[in-house]
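Take a look at the structures below.
Each of the next two complexes has chain A plus one more chain, namely chain B in the first and chain C in the second.
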Partner chain A sequence: MSKKTDSTENAHNTSGQDEWPLWEIFIRGQHGMSHRHVGSLHAADSEHAIKNARDVYTRRNEGVSIWVVRASDIAASSPSDKGPLFDPSRDKIYRHPTFYDLPDEAGNM
Partner chain B sequence: MTEALFEFLLRQGDNSLVLGHRVSEWCGVAPALEEDIALANTALDLIGQTRLWLEYAAEVEGKGRSADDLAFLRDAYDFRNMLLVELPNKDFGQTLMRQFLFDAFQVPWLTALKSSSDQHIADIASKSLQEALYHLERSRDTVIALGDGTKESNARMQEALDRLWPYAGEVFRDDEIDIAMAKKHIAPRPSEIRQTWDATLKETFEAAYLTLSEDRFAHSGGRTGQRHTEHLGHMLATMQVLQRSYPGATW
Partner chain C sequence: MYAQMVKSTGKALLSREEMSPQERAFQDRIDQGEKIEPKDWMPEGYRKNLIRQIGQHAHSEIVGQLPEGNWITRAPTLERKANLLAKVQDEAGHGLYLYCAAETLGVSRDQLFEMLHTGKMKYSSIFNYPTLTWADMGAVGWLVDGAAIMNQVPLQRTSYGPYARAMVRICKEESFHQRQGFQIMLTMANGTEDQKRMAQDALNRFWYPALMMFGPSDKDSVHSAQSMAWKIKMNTNDELRQKFVDETVPQAEFLGLTVPDEHLTWNEDTGHYDYSEPDWNEFFDVISGNGPCNTERLEARKMAWDDGAWVREGMLAHARKSQARKAAAE
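The block that comes next holds the complex of A and B.
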């Protein structure tokens, strides 16, 4: 995955790095309802990332739509905050709507 | 007439077979994982198109040969591909430049073949066009990205264009097969496609900061089978070795 270029001569490579940036890929499947994260890949820009995603992640007819997001643009929760963030909801089972009988007509919730 | 149609179909099938094999040579060794898979996809598309063309060619010939027989048991002088597609890959830039020159022809060509008076040809063209459109988008973008990249990538793409250019024009030299096809409205004369091809090249190379030679000289002999380059035989030796060594082998 190394691209041998003289980065000092590369007008488009302001980071001075030889590697293409990392992109996270989201695909909406044939029958899926929302885009789903499928993996990541390297690409020079967003157009290139979409093409690469098409070739890497949809070659078995998996998708009808592709989203790409630069990995560095994703803000993520910190693993060390796991306790304060998620523990409080653990014992509040009443927040799940499992105590109701859903009519079939309501469909997928 | 049957003979001319057979020749015509071999030209279509052999172009995609030989280029498909060349592109497949990148499998596992491309400069980036993403490009590796993209090239393998392109190769598979081309081999898939080959199957359609050569199956129909075998049917038209009517001598009991199969598409596999045509692909694996003909020698270099029986191949009817343009010289451009049989040249060795060289580096990644050269491979993509060749792909672009081919795709820029293939898209308007297949578009025209969709209106063929021969329904079977129209169907194959219609299916192949969707693949060719994507190939062109990808090869054009790569040519522009590398042409408008670093000093070195620009120089290497210019070198690729200069090397391949004398082989690119062969396809536009109409011969008696082309004229026979045009008369039956099976296909346009390839020369009719040239203007569209020229326009795509001009636009792309301007964006890529590459200079196109004014020279219209074109090597020929591939489409007629009269004079292939020395590279085709070597390529076929690799491609056909299994069927040559173990005739009729299946798995």
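The block that comes next holds the complex of A and C.
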């Protein structure tokens, strides 16, 4: 139960040699929507992961498409990078439409 | 509950002054309703408690398939069979969501199974009772899933992100479970004399074990205070048990069945039902391995695990081979 250093949210410590690897599952819920992360599962290979994802995450018609990615193949930012990564965009309120005060007469914009 | 006796690793609740700056910052995040995510810093006690709690919860979902699985082949109609099969399949899914949540805390799936199979980790006492008649499928869905829902709904707000998200998914699926159980009860309670008798008998046998699902009274427990401060436990066991009784008694009346408690009375002053406590000696007996079905359940689990070994190994070997073949061809 050592503290993990892997990159993904769900990557856990190197489990037993004989454990099926972990896959992160992304599902497109409806046509026209993006795939969304729904959870993870273990499977021997990608084909198997898709089959398992069908059973585990789409039992009620929740999806029209499935992506599976090996958890160990995902690179992720770390919590300690939160400041340097996201602070720069915080004070740039002029990137939002509400920053620009316009008279009502200008109409809907 | 599904995690009834989670022994806390933490000592008594720390005061703010006793906390390290890191612990204080952590507690502040929780107090502000922020979610803790796997890579965030967390106190070792928080991590360990969660592994125990989520693990116990996951094991309960998995072992919980067995008493109902017992009736799939003998369901009275094809429709009932399909319903029950779907319900049991959902429970497998619940176990999988929860195992994955536990794994984010740095424990592997195989370790969790190992701890279940060797008795180092528990599962809910309720699944150590036998399911003797078809009416038990009604009672289990109605009472056992009903009690589970009572506990799981507030856990959707728990502080640990992956656990909370698993709970949201689970709660969405649970209400069908309780409704299918209640419908079985309804049909039987309005059926022939024999069916009605079976329904009453199922209620008689499952009432107290269902009350035990919430665990012994913990209102003075220091362990529980720490878990509540960390928001990995949202209500005391007694609060949830009372809520369950208050909701379930009118449903039993609607069914025309009698709750097997002669002291059950509506209390005008408190606005709650007064009820008899379950036999806690029986509870401790069952949770420590001496319930009617403990041996059978664990044997079934271990057999499934051992008999599946060749499949797990075969699929992994195949995956590695085709990977190597693909690599060689590139």
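Here is the rule we use: the second predicted complex is superposed on the first by the 78 of 109 C-alpha atoms of A that agree within 3 Å, B and C clash if a C-alpha of one lies under 4 Å from a C-alpha of the other, contacts with A are read in each partner's own complex, and residues count from 1 in each chain.
Note that a contact is a pair of C-beta atoms (placed from the backbone, for glycine too) under 8 Å apart; a residue touches a chain by one contact, two chains touch by 3 or more.
In this text, all values refer to a predicted model and were calculated from it rather than measured experimentally.
By the touch criterion stated above, A:Ser40 is placed in contact with chain C alone, chain B being left untouched.
In the superposition on chain A, contact is made by A:His48 with both chain B and chain C.
Chain A residues in contact with chain B (one complex) as well as with chain C (other complex) are 1-3, 9-10, 12, 20, 41-42, 44, 48, 55-56, 59.
Taken together, the chain A residues at the contact with chain C in this complex read 1-4, 9-10, 12-13, 15-16, 18-20, 22, 39-42, 44-45, 48, 55-56, 59-60, 76, 78-79. Looking at the complex, you find that chain B touches chain A at residues 31-34, 37-38, 41, 134, 137-138, 141, 145, 149-153.
Residues of chain C touching chain A in their complex: 37-41, 47-48, 51, 86, 89-90, 93, 96-97, 100, 103-111, 162, 165-166, 169, 173, 312-313, 315-316, 318-319, 322-323.
Looking at the complex, you find that chain A touches chain B at residues 1-3, 5-6, 9-10, 12, 20, 41-44, 47-48, 51-52, 54-56, 59.
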